[in-house]
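First the structure, then my questions, so here it is.
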Amino acid sequence: MKPTVVRNICRPDPAAIKLLGELGTATVHEAQGRTGLMRPYMRPIYPAAKMAGPAITVLSTPGDNLMIHAAVELCRAGDVLVVTTTSESTDGMFGELLGTSLRARGVAGLIIEAGCRDVADLTAMEFPVWSRAVSAQGTVKATPGWVNVNVSCAGALVRPGDVIVADVDGVVVVPRENAAEVARLSDERRIKEEKNRVRLRAGELGLDMYGLRARLKDLGVEYVDEG
Amino acid sequence: MKPTVVRNICRPDPAAIKLLGELGTATVHEAQGRTGLMRPYMRPIYPAAKMAGPAITVLSTPGDNLMIHAAVELCRAGDVLVVTTTSESTDGMFGELLGTSLRARGVAGLIIEAGCRDVADLTAMEFPVWSRAVSAQGTVKATPGWVNVNVSCAGALVRPGDVIVADVDGVVVVPRENAAEVARLSDERRIKEEKNRVRLRAGELGLDMYGLRARLKDLGVEYVDEG
Amino acid sequence: MKPTVVRNICRPDPAAIKLLGELGTATVHEAQGRTGLMRPYMRPIYPAAKMAGPAITVLSTPGDNLMIHAAVELCRAGDVLVVTTTSESTDGMFGELLGTSLRARGVAGLIIEAGCRDVADLTAMEFPVWSRAVSAQGTVKATPGWVNVNVSCAGALVRPGDVIVADVDGVVVVPRENAAEVARLSDERRIKEEKNRVRLRAGELGLDMYGLRARLKDLGVEYVDEG
Amino acid sequence: MKPTVVRNICRPDPAAIKLLGELGTATVHEAQGRTGLMRPYMRPIYPAAKMAGPAITVLSTPGDNLMIHAAVELCRAGDVLVVTTTSESTDGMFGELLGTSLRARGVAGLIIEAGCRDVADLTAMEFPVWSRAVSAQGTVKATPGWVNVNVSCAGALVRPGDVIVADVDGVVVVPRENAAEVARLSDERRIKEEKNRVRLRAGELGLDMYGLRARLKDLGVEYVDEG
Amino acid sequence: MKPTVVRNICRPDPAAIKLLGELGTATVHEAQGRTGLMRPYMRPIYPAAKMAGPAITVLSTPGDNLMIHAAVELCRAGDVLVVTTTSESTDGMFGELLGTSLRARGVAGLIIEAGCRDVADLTAMEFPVWSRAVSAQGTVKATPGWVNVNVSCAGALVRPGDVIVADVDGVVVVPRENAAEVARLSDERRIKEEKNRVRLRAGELGLDMYGLRARLKDLGVEYVDEG
Amino acid sequence: MKPTVVRNICRPDPAAIKLLGELGTATVHEAQGRTGLMRPYMRPIYPAAKMAGPAITVLSTPGDNLMIHAAVELCRAGDVLVVTTTSESTDGMFGELLGTSLRARGVAGLIIEAGCRDVADLTAMEFPVWSRAVSAQGTVKATPGWVNVNVSCAGALVRPGDVIVADVDGVVVVPRENAAEVARLSDERRIKEEKNRVRLRAGELGLDMYGLRARLKDLGVEYVDEG
């Protein structure tokens, strides 16, 4: 219960993280069994935002960014900062100054289950942020909290070092011990989908390609000629 | 009650559909007496999305896209696929592979009262989608449903063959039997608005142009010089 | 209680308004003590929207834009029209024709706690609008209301002549009597932030720059080496 | 498109309606294949509210109850009034005076996809209402609309004469032509559930009773002894 | 902008307040021209809650109840405390201890555009609260704010001393200078409605009683015999 | 990633659980440093619902209650079943038959981040349920999931065996290893609050009792005599 900052975390293999980021949220989410997706109210501040990296987690009081400041020095190049709050808030707990500070350390981007501000500047910097709101509402630096503990963020469980994969389709969390395996499965899925894409583009039907006609029949779906 | 796929639908006159699409949602909606608009939570995945076409309807279980696959082969060039679910969901029931398949058949676009994924790819393909959410959440292909029955989608009643008109202002449904008449009325409205636009641009007031000063007086609105 | 239109309002010093607009929502909001921000559901119809100006206020029945028409002739160049309704609505009470009329008078933009339509046209005109929804839903011109009275808009109190500052981060209201003082404080804040930005960009930590290490210690935050 | 009042509707067999009402929303919804349920934001104004009856439908402009008044004289004893609006609203379009008028005609209750007011009085009268909001916001009687046309209400398609079944679990719509068959299937389900209830109460597991252990195994669910 | 507590406010005539409270939200809201209603997300913690009194206003930081404590000593018997926050929050800023303190001073009840907790105890005490959420989330006492300034609460403008009328239908604000006049108009409305109730109960139709048949005809509503 | 059921969990000391349940959500939440509260959209199906017990956790696909059935046999007397889903849903995944089955095993109650149905029957049985919706929407038993893994439920992290404390104020999670300590701290808080209650009831002000006058002065809050 005591407010705590954990200094060291384990980070998965960078090659796996890189591959996960290239494959993107939808593919990775499917490959790990349709788990770990954050709720869709988490949206990027600009559509081309895309990143992957190990999570540095923050649990903070709403409207207070003291613990975000505490987390900055624990971030290494490539990390993703994940911020959540003890109760719901849309306050703009993160802005361009913090973005500048994180960028100086090579941080890949931010996930925040609260608000973000200075969106025009952050977009110009190409510093990617996924948030539940855009809000200019400023914050104090007064209340203790936690860094690098397990958190619940937008419906997903995030542990320090878990891989965050984020793009315009949303944010998915890959447990750190599964990173390499999920990267491999995601790539297999990509290859399979590429083959399917060629067939669908040529006009083949999913009904035939996936063998769904029999399933429709088994399920008792009836075809009639007019409504 | 039995899950059913209706093969044949009646499509309105293509010339009327084309005109409705050019005139756009706001004009068409006004012209048909301010009815048939879907709720404003239905948003395009990219701002320039714009289309019109007869509806192929799907009623599906949330998180299951089996019936979307069943609907694909019933779509002709120019059709619009309209997907709704038996209970609320934001799951990403439609993605780029289905978009590729529909594009191969010349389908104009998709309306889905659920989630959409692979938004970057669909945008690059310029395949327009209006959805209530963007979500990577994947789906199964397991549960029977309906194709080409009357559905309730985002607050609007849609029958197979009704014309869907969609742009950045939202989605409106034109009953199939009214397509030609609504197209005509919409075009009349466009012409009238063009005239009004010229007068307003020149500085004339709506108060005068629409004769509203008398109405304000009749309604007892009082003018005072300071607050 | 009687429906009323107030003809004359006091407008703050244009130089202060101009400076407030340049500094933007987040800086101004901080400088005036983190008050006056509208709720974050008020979003611009295009990301580059940015403006400032004195408020002409409208209190209207939902789905009725009669009083918006009444307000147009009271607007001067540089003013911002602020529209709210007696109950919640997403109806598209404002569109491109009204935008053309306001543009002809040099109005800076619109804040509407309801819906906006003709978004493509308004964007092409670069007429900035912040609204709670985009909706084609049309409206009547039938019900009396108020112009230039104090209103509650999206959680903020707005009096005629108060300065509205709006950009992609949201909308903030500066009380008219404080405009010059808030502009001055905002500019001081900008200067201070610019200095901080240089230091953060060079890798200095907010923890050190703001003296937060002592605060963390005082608050009993414990550092540990592993989780 | 023209505003219309349809005087005569077909009502299903009263015995079927009575049975559907006794069995309740959850059972009826299951029995007709999990379709026809309104969205769960439709809530009763008091928990013991329970009713069933054929629908008299109203499509109205938000904040205007003129067409509700037009519908009253078309209601017979046992009917259910179903009111929806052309765009979203929470306005209190229905109150105790209209409740008194409907009660005088023997109407079973009201479904309204908008607001309800005078909730204390309606509760004291035991006049059941399901609405999306409670709101004192008053309305005008000024805008034309429709009575007894097909409507989309809270995500469900309702045709005049369809049976509305409503209780604390929500509101389900039974197509008028299926009323007798759905009543029969619902009663079968009730009998089957009563048998299952006895077994479950005695401690038998659903896993065994429904034969789900094999399914878990087939699906590859692994049992382990500790986490 | 400076945090301020205003000690003295003007309270309207107690007889007018008493009458407003007896007549209730819906009647009062109608009588003052359908203005001043708070958004319907403000709900009583128990259905029988009902009160009226002059407002003591608080503008606070979310999650901080310091200024509520500052307001207590300014409350007199019969007053209503109205609390709003500078940004949206559901935190439980008010509980049974504060309720006990207010009850000791004879305060009529609380309106809070945030959360309330200890709902079972407050209900047992019959201390009425209208809030946007029930939440156990506790708060600090650390941030300055305002007492007895004009505030925007749940969509309504509230000035110190304005009369708050609240019951199960919601919360309405009567400007302090209008209290007596609105009470008189509300009572006239009550008398008129009582007469209408007798006629409706006897089976007379609103269509006839309000003369709406002619209006329907003028508006072009067409009656047809079957759908 | 593989679907898994964990058979054995560690349960904290029953005496600590009993005390936590008596003290209730608000007190326990404060005592453990204002952490672990679920979002306030989790509401009890009847106001008197109150319980505490160690969590048996379920992670399920929306609209599928197969894994709830799998969890039943792992529940012991006094346990609390906690169900969450891989994406958002309001489907009624739990009803009276499952309630009967859990009651037969002595289960204390249910927390479900989805819908609940048969609310009248569950209330009559006094089986307490906290859910995000009431919905009759039925479910299938087809998709694999997890039992007794760490889950994110309504914004809180829940591990098997963590203590769930729930009443009308909401739901709080106490980490299993802290149960005894939090129970002790909660009871201390109860005793302190009882003393404060006596003083407040006697008319002493929180301003004086908590020493807040000095804080207001330090924070620069200014007292003025009129607005």
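We just call them A, B, C, D, E and F in the order they show up, numbering each chain from 1.
Here is the rule we go by: contacts are C-beta pairs under 8 Å (C-beta built on N, C-alpha and C of every residue); 3 or more make two chains touch, one makes a residue touch a chain.
Since this is a predicted model, take the numbers as computed values, not measurements.
A count of C-beta contacts for the chain pairs C-E and E-F puts E-F on top. When chain B is fitted to chain E on its Cα atoms, the angle of the rotation, on a 0 to 180 scale and to the nearest 5, is 180 degrees. Here the CA centre of chain A is 27 Å from the CA centre of chain F. Measuring from the averaged C-alpha position of chain C to that of chain F gives a distance of 39 Å. Between chain A and chain C the centroid-to-centroid distance comes to 30 Å (mean Cα coordinates, whole Å). Residue positions of chain A with contacts to 2 or more other chains are 2-3, 34, 37, 40, 61, 86-88, 90, 135, 137, 142-143. Taken as a graph of touching chains, this assembly has some other topology, since it is neither a line, a ring, a star nor fully connected.
Contact between chains, as defined at the top, is found for A-B, A-C, A-E, A-F, B-C, B-D, B-F, C-D, C-E, D-E, D-F, E-F.
Within the complex, the chain D residues that touch chain E are 2-9, 66, 69-70, 72-73, 90, 92, 95-98, 100-101, 103-105, 115, 117-120, 123, 133-138, 141-145, 148-149, 160. On the chain A side of its complex with chain E, the touching residues are 61-63, 86-91, 135, 137, 140, 142-143.
Only residues 1-3, 32-35, 37, 39-40, 59, 61, 86-88, 150-153, 155-157, 175, 178, 181-182 of chain B touch chain D when the two sit together in their complex. For chain A in complex with chain B, the touching residues are 24-26, 29-30, 34, 37, 40, 43, 47-48, 167-170, 172, 193, 196-197, 200-203, 205-207, 210, 212, 215-216, 219-227.
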